[in-house]
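Both complexes shown next keep chain A, but they swap its partner, so chain B is in the first and chain C is in the second.
Showing the complex of A and B:
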């Protein structure tokens, strides 16, 4: 790694202008925890880093909406999210996931936007936010647009973000009546990247599951919504039989990737077990009011 | 648990806080990584991309053309300063830079020099090396018979008499074959009621010192100074002097603190290349490895162990051991591991008839050497898993079965050396008592099944080795200790200062330990194999006693009656009329030793002391996923008398946790000789959350009569029992037996499914 340019734009527009280039060695830099690792190993050799620090404060707010939703600025640090009273009230599953996400030092500087934009399928926040129905607000040279978190990823370490585009905010719909859980499964050290992440959100009405959003990550090339498993749940009572049916459907519908953390076969077993456990946990923990 | 009372001066037996603790936490401790010297160049090496191949061409033009590159160096350049640039502690088999062929992925082939390390790194990528691939061999069993030969001819170093018979041997990958024959093994097997036979495997892992290896060489006038993160400064000096054909005193080796060693930084590693580069360029040269590069530098032996036992009337009457050590491309100290560990392969049991064959094998993997335990954890893994299986096969409680067969004080071990001061039974008893082994145990329910397991192991010390120490008492009575023992985090500075303080009746905190500098501190074989407390400790005690005797003689010469309360400061003043002078005490220690007979492997004095360690665990298995959670771990060791109980306890827990990583998940993933997880992101070591829910470190009541103040080494002992104790507990919990490390959740899960007669993973 040799010299590169580090710029500190003072406004979002300036940052976007600085990023609006064909040079793929130009990238935004928020907490830098992911970028620095790539730079150290030589996977990424920047020509220019656009540091978002000076515009951070304007895009770091975390606030509950009037109808049970939540907005999280892309530049909010993971620590800020972890300790936010609004997050703990509206979507406690996010705060819970933080406890085993990296470590205090990383969480103190890493930002929500970086966690999402990195495109690494092993990250914890994307599946949780996707299961909560989250959408990201994106600003770029052509203006602003919104994308559901579940559609943000186009492949392994790939997102749908275009040239010059920045994530500015995550917005969650109303969580009232929903109940959620996230399980992360490691197969080597406790702080290893997960072999599997499973995030589930359920809304029950009239004694049956009315809506379900189930997401698998880490064991798949990119985070994947489990439509078949969701269909197996909707209209059924929230019990072990339904959960087992959903688990079978999940294993049947996703392509699992073999790696040093486990074979595809084994990950299928982990998915089956952890999806059932996550569903049970979500039901036991009760719905957000 | 401190069971020993401090000695009279109150220094030995006291949990003195680490002398360097404050320096370390305030960032003031010196490390080679922080050392910057005027005019210094950095080097980055170009590493082999093939596991075995002939070098066809090396094109350095593009690298040399890069702005900021000072020079690019190949083996041809190295030969202009060292005509025969092959080094190594047991075999002179490792070239400073690859000559003609490469033997493992990651082998250094070319060195690039620049003032800016990033320029050197970039230029290294521009060097093009062409190879003609040769057939590789990776597996230790295949290496026994493969047509792929890693070294055409064996080149043992002259230093070890027991390697002489290997000189000039050709076309073999067997670097050393150690054999031991005791009693009549065939007869024992023929007469047995039952015979048990198993094979166990361990994987290749790495030391992962958090300070990667680093060395800096400074050329002088007909001299060379090497600052290096080394565990063996004296060896480095001798080996560099040998390579250069210089007298020892022109090579100066200095070692500050180390950020962990664990055996990785032993003998000679980066020093040969930086020495050559400094002489070639006449400038200081620094080589700092990245964490990734360490995986290609030195590792722990993967191994296969075939073990068979003859059992008659509940006693093990015969044991056959065949051990195959995967030494990788260069011998390093592997042949010593093969022999020194080989002879304890039957375990701490009283067995009359024993046959051992232990083979050091060359393969095209990254080299393997010493790692905390020096081969013993691989052996204990096998013999304690095997012993447990025998007990289960006989329907006997595993602890009761061990007690029945255990090697007791005064009985001969496999080599014929009689066991003295080795509390094997004491360790076993301490663990069993602490775990309430005789009481009922909660076995869990449903998908959570619980079990417990126990294992003990022992180790001979490396012998014969020498340590020298100097104690310098100043005119005010304060003392400096000059010693080449390296404090790499194990607390040796503090323990050695305690020995001086106890002997001279000083406060430990008032003894200053001078760090290794071969121009100043005397010879020490190396800081390895838990030898320092015993060997260097004995030398330090002798040096302190020598100083004390001189102080007493001084008092006598001044006409003072014995026991008068004049302190050393008063004596100096009385003698010299002012605060002046020194008293220098010198101590040299080498224990008695008898080399094993070549034909039988027997010797009645094979080690100066025995290390003993054991582990008991209570675990929980998630039968749906195979995850194992360690609820409780009890480690007990015979450390003789603990010089510093607190340091001993942290050595015990540290060793056990390190071995826990090697047991549960650490694994170098190899693909065609390439390590595919050579980084801390992908090679996982234990973190805080992997520490068992409860962990205890027990110091078993013992005394090493030949040790300094009754002490002996402790750095490795708690590694011994960890792996088999956990495998035994898994067996106890869910009835499956794993015979290969690591004990991954997937391995547990697959074995569970297999036991249910369903090899797929689809079962609910």
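Showing the complex of A and C:
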């Protein structure tokens, strides 16, 4: 690594001002676990890192809302999310996904906002938050705005975040009546990056699936909502026949990426199998909150 | 940017002793510890996967290889060299020796510090909890069965001495 300027803003406004530049070698730095890898390999050579540590505490709160929703500050560490009583109660699927996300040391320092802003399609948290209907609050030079997590990613390691913008919070809508599951498949070793991630969230009413949010990640260029598979489920009974129909629709509608973890055909089979399993798990294990 | 232009003087506590030193922006915590003649934290994978560079910062385990040295300014850093400050090995260190929980020893400081962190939070972990907590520490000699036994042994020793 080469030398760079490491600055420590004392407020969100100051951080945004320091990031508001045309220099694409200026980046925010929270836990830093992902950026450090890019810096050590020379993929990213910063001119300035804007360290968010001094403003972290003000943006790290995790709190259940009065209506069954949840707010997670962008600077909450993944360990804080993993052990949060509110997360475990409102969205246990998030806490469950943490157990196999990197390792204790990485979770101790990596933060929710950076996990999303990094834009890496192999991350576990983004598909889970997208399936739960999450939205991110974004602050930038022009003020604040909100974006659904499913629309945050514009490509491989690319997001819709603009110059000087920071994610400040994740907000989940009410999870009452919804059940969820997340499955990932690693094809080389248990701690490898996933070849496939599948997050599902279902709301059942009157003996049928009333609403469904299904998301695939890792096997695709960016996390992708499976609209065709969702349509195959809505109005149907939550059984193996419907799940198989959804799995076929999912395979037909997404473009899967071939890489070292498997061919596109192989990943199609992984998607078929894991989507059915995730749906069954959401129905069988997911306690209706 | 020239590395010397980005150097800063930082002050922190290393194993209870105050340290003042000047570090460049790109230096990581493992490199800093080596400069200070602390060689227990080793860079092995360099990617935060293997746990050989485990260091506690303000009591929280992190990978030294993914931690910028300038960011420990004002903080408390504990490396494996501080565990026998009282003149005796820590119960975890002693348990690793008694159970023969290593061969080459390269990964051992990381396993020992992670075990301290685990037992501080969970004095009586199940085998599953031990495995989950140590999943990010790799032992290429594959001393895992002995390591699990050492963690259980250290846990019971520490519970016994806490009760005494």
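We take it that the second predicted complex is superposed on the first by the 286 of 289 C-alpha atoms of A that agree within 3 Å, B and C clash if a C-alpha of one lies under 4 Å from a C-alpha of the other, contacts with A are read in each partner's own complex, and residues count from 1 in each chain.
As a working rule, a contact is a pair of C-beta atoms (placed from the backbone, for glycine too) under 8 Å apart; a residue touches a chain by one contact, two chains touch by 3 or more.
As the structure is a computational prediction, the values presented were derived from the model and not from experiment.
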Touched partner set for A:53, first chain B, second chain C, both or neither: second
First, second, both or neither for A:4, with chain B first and chain C second: second
Partner chain in contact with A:189 - chain B first, chain C second, else both or neither: first
Touching partner for A:268 - first (chain B), second (chain C), both, neither: first
Touched partner set for A:244, first chain B, second chain C, both or neither: first
First (chain B), second (chain C), both or neither touched by A:260: first
Partner chain(s) touched by A:37 [first = chain B, second = chain C, both, neither]: both
Common ground on chain A, meaning residues reached by chain C in one complex and by chain B in the other: 1-2, 37, 190-191
Residues of chain C touching chain A in the complex: 1-8, 24-26, 28, 46-49, 51, 54, 60-63, 65-68, 70-71, 114, 117, 132-133, 135-137
Interfacial residue positions of chain A with respect to chain C in the complex: 1-6, 32-33, 36-37, 39-40, 47, 49, 51, 53, 99, 102-106, 108-109, 190-191
Residues of chain A defined as touching chain B within the complex: 1-2, 37, 41-42, 185, 187-193, 244, 260, 262-263, 265-266, 268-270, 272-273
Residues of chain B touching chain A in the complex: 118-119, 121-122, 292, 624-625, 627, 661, 664-667, 669, 676-677, 679, 681-682, 684-687, 689-690, 744-746, 749-750, 760-762, 764
